[in-house]
Structure formats: structure tokens, C-alpha cells
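Got some structures for you, see below.
Heads up, the next two complexes both have subunit A, just with different partners, subunit B and then subunit C.
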Partner chain A sequence: MKYLGIDPEKIKIGSFDFTCCEGCQLQLANKEDTLVDFLNLLEVVNFREISSYRGEDYDIALIEGAISRQDEVERLKRIREQAKVLVALGTCACFGGVNQIKNKFEIEDVVREVYGDDPVETLPVRKISDVVKVDLEIPGCPVSKEEVEKIVVDLVTGAEINFPKYPVCVECRRKVNTCVFDLGLLCLGPITRAGCGAVCTSGKTACIGCRGPAEEANYEEFRQVLKEHGFTPREARERIDFYGGLPEMVIDES
Partner chain B sequence: MIYKVIGKDEFRKLIEGLIESNETFGPRQVDTGKDGQPIYQFRKVDSFDDLELDYNYTASSLKNFFLPFKELLSRYAFTDDDWEQGIEYRVNPRVIVGARACDINALNKLDDIFIRGAFPSPYYMARRNNTFLIGMDHMPPEDCFCESLGELTVRQGFNLFCTDLGDRYYLSINSSKAFNFLKKVKTSNPTAEDDRKWIERRQLIKSSFQTEVETDELPDLLDIEFSSPIWKKWGDKCLNCGVCAMVCPTCYCYGVEETIDVSLKQARKERQQYSCTVVDFAEVAGGHNFRPLKEDRLKYRYYHHYHGFAENADQQICVGCNRCGRACLPGINPKDVINDLILESGDDV
Partner chain C sequence: MKVDMKIDVHHLTRVEGHGNIEIEVKDGKLKKARWAVVETPRFFEAMLRGMSHDLAPMLTARICGICAIGHGLASLRAIERAMEVDVPETAKVLRLLAKHGETLQSHTLHVFFLAAPDFFGVPNVLPLIESHPEIAGLAVRLKKAGNDLCDLTTGRPTHPVSLVPGGLSKAPEKHELKAIRRVLVDRIPDIEATAALFKTLSIPDFVRETEFVALKGEKDYPWIGGDLVSTDGVVKEEDDYRAMTNEYKEDFTTTKFTRLSRESFAVGALARVNNNFKFLEEKSRAAAEELGLTPVNHNPYMNNVAQVIECDHVIRESIKLIDRLLEMDLSDIRAEYRVRAGKGVGAVEVPRGILYHEYELDDQGLVVKANCIIPTTQNNANIHIDLSALVEQGLKEKKTDAEITHLSEMLVRAYDPCISCSVH
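Entry: the complex of A and B
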């Protein structure tokens, strides 16, 4: 497939899952109307959702999930050695995601709650960049296939990769949605990076911050906004803690 | 202008006829707020009963019917050694019912930019010229200050404007299209009693404003108060979320983005409504940001609205609808910012 007379090089990818639901990788196999075009830009070397072939000759490694076991640490380091570019794919890989809620509790309690009398070995949850060098982070729970397509096109055409710097509110208002604060919901849209197309708020549910912080998010004023809208510090903290992507939004519960 | 009077039953027939043969938009209730109050937006209507003509305000303005938040400007089709550009700005005729005077005045300001300006936009023109616009007066919401900006009445930029006289509307007919449509329903010439009621209604609306903002001296005041501490005070509250510009009926700043399709066979150029309060509004290639501080971005939004246009085009671009003030979660609103500025300048003396 040529682009302006030039035959672009295919991207050799390997995709790997760690502690996660594999939803982000499945997202890459979605959007069927452009799936053939998307896969035409890639040489899939290792990607169990898409192909049974298992190769080691990948240039770009997509890492889905957080790290919660010692064998994952070792596997991730091996992938890092092989990959020219390592991409943290999705909220768990970028921020720890839902898994990092575990870190708020005593690890013995967590293991007992989930596994009862059959305990497993587990570590506190870490995001990928806590373990190895990450070259690119694509946030989202799950990632937006449209955004991934754009990034892949940018890569094959040699364009700069950009994410929106502004918060979800811009995309939400572009959709002429009712602000869910007016419906009484605690929404993290004003401090969360856009790029999702405001999917949650378009469905009248609050943004829960899966894409991490917008640039220059005004945490101090946002804390004040939550207070004035009658949300308790506990409600605010629980929402903020859900994905772990907004560590600078500290809530004082005292 | 030609004036007629129409009974509300006949008006209903007129609108039903328009809805039947055109895509029609008007105020509809989209939600109920946590305070129990209805929330309205301009949406497509399928019958007269969908319309909420007694609405107080729509949360977003009419702007995006003319400047869509995202608009395809052109497509490019690539062949091996060449490419073709395709541009289309055809818009099907459509009807908007129930626009308020200040919203129509806002469109008139956009006309000055996108029709009568130095770089007319065929995209905007296509949308504007193919829209049959019916305006309707209303009692001002308590935070609306369009009267302070002289945007309470509208004399052009619409096809038909209705003044509510209780059981009938007093119609201001501003286009031959509207005149011809009205031939299909029963109207009459205004009587002396209708004229008197029209004047009464106008006076009632004018005297019902609860919010006043001193804007006459504002262009000069803004010049003088460029370094005022109030910009930092209000800027500190700004969430950089951009909603003020999104809901504003006149904010028209935009970004243009070119995207290559994943097939690599086509590309598209799209215009997106942008906001001067978001962090990368003034960021340029290479990464330099001309307005890295939120207080500066907020200040320049006010300068664009109340200063730049006043100096260049002898008008302020704000129409006083206060949609930005209502949409702003931390409560930044023109009335309080401008009053603060006036007080601050008073302290200087």
C-alpha cells in the first residue's frame, strides 16, 4: 500500500498482556470497518487476540496491564530488551488502573478476600513505567481504537504523535451534552485528558478519569468545585482513587 | 419590515407545515437538573408539541448549527503519484424556531466575520443562507444581561420574529420567504390595540432585567486595567476546561487538523471549535506557548469579547446571554469579572 508514491514500512508489533482484562487488546481487533486497513499497516509478530503465530522479532511492544507478580517483572524486562519501542497500552499499563486499588489495603487482607485459604504470591501493583522505560503511553479504559489508528498512521507516515492536552469537558460540550454536574454527578471530566470523545458523559454517566490528568489541570479549584457541589471528601477520594491516574489530585479527608 | 398578527392556533399550523417539509430545530427539554428545573437545548423537532417555546434558555447556543463543533472542510483522495481535493458545502434547507433576540444578534456578529469579513466562509454562508430562522421574544432570565449590551432587540438576521401578545403573536416579517409562507395561514394586519400591546410587551421585557453590567466604558477600562490583579484572581479559578467558549454564541476561534485515513488512500481536513482558555490554544509548532498562564488566557478572552471587536468593528462581541457564566463550574462570569474590574479601577483613583 503506497502513500503519496512511497511504500511505507509496516510496523512489526508484539502485544503482551499482564495484570488486566485484555480489553484494550481486544479494542485493537474492533472497529471492523477499518480493521483490514489497520492490520495492513502492521506486521503482527506476537498478538494472541489476533494471530496464533508467536514470533520474537517485534520492533514495537504493546504492553497491556499493570505489574503485580515477580514473574511479570522478569517477562516485562525481557520484552523491553527486545523492543525498540515500548508502549504502555491502556489505563492499567499507564497508571496501574483498577488493579492499584489493591495498594490501598494490607496485602494479606487482599489475598485472603480474593483467594481465601488458597493464597497466591502477589506484589503491590505497579504501572509499567515503574518497572521499565516506557516510550509512549496510550491511556484509556479501554483505549480508543480511533486514537490508536491515528497513532499508527502517524508512525507509518512519520508524523508527530499528539494527544489532546485539554480536559474531557471540551469534547463533552462539543457534543452538546448536559453537564453531569447539573444532574448531581461527581464528574472528573474537568481534570481528565480528553481524547475519548466524552463517551461516558455522553451516556449521562460521570467521567471517572481513566485517561489520567489533562495538562495544567487546576486541582486546587477543582477541589473547591467538588466541595461547593456538596460532594464529601470521601466521595471525591473514592472516585479519584479508582484508576490511579490522578495522583496529584490529593483529597484531604480530615 | 412588514408586520402582521397571527393567532396561536394558526401559528401552530404554520410551524407544523414547516416541520412537515423541512428539517426543523427548536428548544426541547433534554434533561431535568438536580434542582428539578428543566434543561433545554436546540434539537431536532418532529412535531409542534416537541417545542418548548416558553423555555428560559438553552444551555448551548445556536452557534454550532452554523459553525459545527467539528466540520469537514475538504477530503483528499490519493493516487500513486497524484491527489485530488474534494470540497462540499451543500446544506439542505432547514428551519430553526424559537431563537431569542440575543441569539440572532450573535449570528449577526458571526455574519460580520464569516460573510462580510475579509475572508468569507462558504461553509458558514451555506448554512446561514439555507436556514429559515424564526425568532421569539421572551422574559429575560434573571442572570441575562443582553440589555446592557444593547442586544435585547433585533432588527435583522431573521426571517420572522414573534412578539408574544398572549393569545397571538405580533409578527415582524423580514424576508419574502416568510411573507410567502404566511400566505398559507390566516394572519391579519395589526390593530391599534395590537400595536399598544406590542409596546407594552416590549416595555415589560425591558424593565424585567435583573442583571445589569456596565459595558459602555469597558473597552477603555480594559486598556487601562491590563495589569490589574483581578485577572490573576479570576484566572486562578479557571479550570482550563474551555466550556465558556463552547457554549458561547459568538466565540468562533477554531483549529484545523489534517488526518490521514487508516487506509492511507484518503485524508481529510477538519475544523474544530476551539477555546482560548484551554492550555494549548496559543501553542505553536515547535512547542512554544504564547499564553502559558491561565490568567492571561482568561484575560484575552475578555479582551476579544469586549475590547478588540469594539476597537476594530465598533461593537462588542458578547451578547450578554451569560451561558459562559452558567456553564463555568467555578462560577467565572462576565458580570462579576467586569464589576470587579470597575471596582478595582475605582480603587486606583
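Entry: the complex of A and C
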């Protein structure tokens, strides 16, 4: 791809996964219409999931997943040393994601529940920025492939990267959807950062906050909304805590 | 001649998740051939404790980035059986259509992006875009059709939106179904070309007699629920899945192993074709015969071929399902149900084999206990034992280290292991 009529040197990119489902990396291969053009812009030097070539000379490192074992800490630090730009890709990398639900329980208890008397090594789940410096966070469970493509192109071409400041609620209203609160659902759309295209609420299910907090979120007002609709603190908390991205949204027990 | 060999493939590429192949030969004798899964476990069963049942399918879909719809469906089936929910027929057909979309996208991802580079001697699919644009075209068109079908039926392919207890939260419009039907009809020549392509590839010649486990078809090729069957003649009810899987743990790997009549068994596309060949669409069956795939086939590398055949089958069956849906009332997609305590099992054939979810729910609909048994978990022991046999055969045929490494990597890939899934 030419930028301002100049053919820039191809940016080398590596994609790495840690504790996760690998669904975010897959999104990169999922946008079939533009896949070939997108790949022409980059040189993929390390992407274990789809390629046997393992180069160590990447400029941009995409990190998927959270950190839950000591060997992951070491691996992540090595990647940080090499990468000029380190991107936390997806909700697990940005906030711990569903993995951090484990942290509610005692580690020994969690291991016993799954492995019985044959324990395996595991640590409390941490997000990437708890372990190394992160240059850019792209949340989403999974990430929106359109958004990642746009951001990677912006990174390569040096354009400014902007995320919406407003919540999912705004995007949802623009689509003229029926509010899912009116369907009896507890929706985190009013406090969650937009950019997903309100994909869950457009499917008549509730937002569970995978993209973390909207800058313009009004927590006090949202607490009132939850009360008015008669949701219990337990119901609210289990959704707010689902991805670990909304620590500021505190629910009192009353 | 004395042969020493040490092969250590650390973090095998072009598979989902982290696993190592370790082979050691001393004085021409096999000392060790291991398939060691080193993925970090996530402990989903522990996370599920105390969770509202309607969040369980949302959570467990996130076990896997490829077969999220399959996990959602197994979770829903377990919940709906625990609470005795009667899902409307329209929702059942739409769910099966979503399942077919997932099978198509997952199998094409594996066949073209992960497995095909081995047959062409390239590190990934990218060089094929230049050298074999017609193959890249097939890959992109077939995969997109699968993803589009998932998008239409569940909101998106990864981590579905509209799969909810009782049915679906939203149905597609009939004009959208008609549009995707046209796309699927156009993909038939593509999948036929893929089968023709596989006719020209040389599948490694390796056979080890294996027990294959799948859902048992009654009238149709089975995908969601029903009895369990094995090629060694074992038949069990869905609820009796623990007797079909028999999980145990070995020290060198973070995944569990399973066994049935023998020391290991296999699940997945080849296991399904081996058990349910007669229920394949007529044309898919003919294509399978043309490719030398008839039951019971004991060559694990033929799993790639079985995946192509299943793609052929799901495209043809999806067209029929859409024709049924076009005659149905698409507003009747969700059953009301009463929350109650209960236990339920959901068995679903996902791309890599049978997936089981089991939940115990309390009278508030909260999960008391959960168990999920993943297809790759069931295949890991079989891969491990296949590896030993493959190396033994390679030594007899005087193969080099490089040849044995290549065949071993291809063997593991042929199973399309989803390692992150198996260590959930």
C-alpha cells in the first residue's frame, strides 16, 4: 500500500497468545473480504497459530490473553524488549477478561475443583499492563475486526488513533433498537465504551461490558437505573465483574 | 545400524494453543514419543460455580475462539435438559444452521490455513495466494460463507450473541435467509473443487487401529444430542458420558487423557464419518468414496479428508434447512420456562469431536457444579499413542529426523487440536 504516494517499508508484526481462547487473533483472519489487502500492508513475522515461520524481528507485537503462569511472565517480558509498540489485543489482555473470575476464589480451591488431586501450576490472573508497559489497548470479547484493522493501519501510517468516549448506549440508540432494559435485561451499555456497533444489544441480548468503561460513563445515574428496574446487587455484580473491565462501577449491598 | 534421534518441537505452530512434540530414539529403539500439552489452564468449571444459568453459555462460549457456537449450544442443551425446557422447532433448526456455519468456517480454517501448507511445503497459507491463487480463492470464499452463516444466525461467529436459554433472542429475516441460501448454492462448486484438489494430494500412509467415538445417528447425520456410539460397538446414553470418556491425568501434560475399550480413542470428523457414514448427504458420500474414505478408516491423516466431506455435507444440508425455515413462522423462536433445580447433560458434535457440558443447578437457577469435556481432551491420548506408532514405522522405513519431524507435526495437525480448549 502506498501512503502519500510513497511505498513505506513493510512494518513487521508479531502476534502472541497467552491465557485466552485465541478468538481475537482469529478475527484477523476472519475478515476475508479485506484479508489479502490487509496482509499486503504488513509483514507477519511471528504468528504461531497460522504460520510456521518464527521471526524475532517484529516492530509491533499484538498480545492476546491474560497472564496466569510464571513462564508467561518471562515470555511477555522478552516480547516487550523486542517490540517497539506493544498492543494489548482483546478483553483478556486489557482487563484479564473472563479468566479473572477465577480470582474471586482461593487458588488451591480452584485447582482442586478442576484437577482433583493432580494439581497444576497457576497464578492469580493479571492483565498485560500489570506485568509490562502497554502502548495501546484494544478491548473487545472478541475484538472487532474492523476496529483492529483500522487501528493497525493507523499505527503503520502514523495516523492518530481515536476511540469513542461515549457509551454503547449511544451506538445502540442510533440503531433504533428496543432498549433491552425494556425486555427485562440488565444491560451494561450505559457505562461501557462504544465501538462495537452495539452488536449484543442489536441481537436483543444485554451488554456485559467487554470493552471496559466509557469515559463519559455516569456511574451514579446507572446505579439508580439498576435500582429502579429492581435488579439485586448480586445480579449486578456478577455482570459487572464478568470481564474485570469496570472496577470503578461499585455496587453497594443495600 | 545404530540410530539416535532427538526431536523437540516446542510450541507446535499452526494449531490452536500450545503443545510440544518430544521424540527420543536411542540405538534404533524408541525411548519416548510424547504429545505434551503445556497450555495454561483457565479453570472454567471453577468459574461457573455460583453463576446465573443464563450467563453460563456466555461464559463457556469463551472457552474457544473457534467453536464458541458449539460450546454455547452444549451449555444450552445441558441447562435446557436440567430445567426441562421445550425449545421451539424453529429455534432448533436455526441453531443447527448456526452449528453448520461454525463447522464450515472451522473446517475450512483448518484444511486451508493450518493443514494445507504442509502439503505444499510452505510455512503458511500466504505463499499460496501467489503460487495457487485458485486455492486461496476457495479458502476465502468457503470460510466467508461459514462465517456469514454464523453472523446471520447468532450475531457473529466468535462468541455468539443470540443463543439464549429457551431458544434464540433474535431470528434472521426471511430475505436474509434467501440471500445466504444463494451464497451456499454458489459454494457447492467450490467444495467440489476442494474435494478434487484433495484427490491430487498425497495423504501420508499410516494406519493404527483405533476406536472412534461419535454421537449415534438415528435418521440424520448427528450434531446435537442423542446416544453415543463407538466403532468397537459401545453404545451409551448421553447422560452416561462419563462412562464413555473416563478422564485421567498424566504428569507431563496439563490436559487430561481419556479411554474407553482400548488405551485411547478418537473423536472428530473422521470418527463421525466412520460411525455415521450412511447418514451423509448422498453426494457427500459419493465424494468420500471417490477420496477413498469409507468406514472404518484407521488413518488419522484422513481426518483432513473427512473435514472436506463434512463441509460438503453441511453446505448441502444447510440449503435444505433454509428451505424448511422459509416455510416456518420465524417469530416462534423462544420458549418461556420456569427456573428450577436440576441436572443436565448436553452433548454436541463440534468441529473437533463430541463436546460434553454438564451442570447441576439450584432452585434459583445458579450453577452448583459444572463439568466440561472437550474433544481435544479426548483426542490427546490417541495423538500421543499414534506418535509412538508413527515413529516406530518411520524407523522401520529408515526415515530421516527431518522426515519424522514433518510427519509428526502433520499427524498432530491432522487432529486439528484445539489445545486452549482442551485446557479450559
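The rule we apply is simple: the second predicted complex is superposed on the first by the 250 of 254 C-alpha atoms of A that agree within 3 Å, B and C clash if a C-alpha of one lies under 4 Å from a C-alpha of the other, contacts with A are read in each partner's own complex, and residues count from 1 in each chain.
Just so it is clear, contacts are C-beta pairs under 8 Å (C-beta built on N, C-alpha and C of every residue); 3 or more make two chains touch, one makes a residue touch a chain.
All values derive from a computational prediction rather than experimental measurement.
In the superposition on chain A, contact of A:F105 is made with subunit C only, not with subunit B.
Greater residue coverage of subunit A by touch, when subunit B is weighed against subunit C, goes to C. When the shared chain is aligned, subunit C comes close enough to touch A:D118, but subunit B does not. Residue contacts after overlaying the shared chain place A:K165 against subunit B, while subunit C stays out of touching range. By the touch criterion stated above, A:D182 is placed in contact with subunit B alone, subunit C being left untouched.
Put simply, subunit A uses residues 204 to touch subunit B in one complex and subunit C in the other.
By the touch criterion stated above, subunit C contacts subunit A in their complex at residues 11, 13-17, 40-43, 45-47, 49, 51-52, 55, 58-59, 62-66, 68, 109, 113-114, 117, 123-126, 129, 136, 140-141, 143-144, 147, 154-159, 161-162, 164, 169-170, 249, 251, 254, 420-421. For subunit B in complex with subunit A, the residues that touch the partner chain are 30-31, 33-34, 39, 41, 59-60, 64, 69-70, 78, 80-81, 83, 236-243, 246-247, 259-265, 272-273, 275, 278-280, 283, 294, 327, 329-330. Across the complex, subunit C is touched by residues 17-27, 29-30, 32-33, 35-36, 39, 44, 47-54, 68-69, 72, 97-99, 101-102, 105, 109-111, 113-116, 118, 120, 122, 141-142, 199-200, 202-205, 208, 235, 238-239, 242 of subunit A. Contact residues on subunit A toward subunit B in their complex (touch as defined above): 1-5, 8, 34, 37-38, 41, 149-150, 152-153, 156-157, 159, 165-167, 169-170, 173-176, 178-179, 181-184, 189-191, 204, 214-218, 220-222, 224-225.
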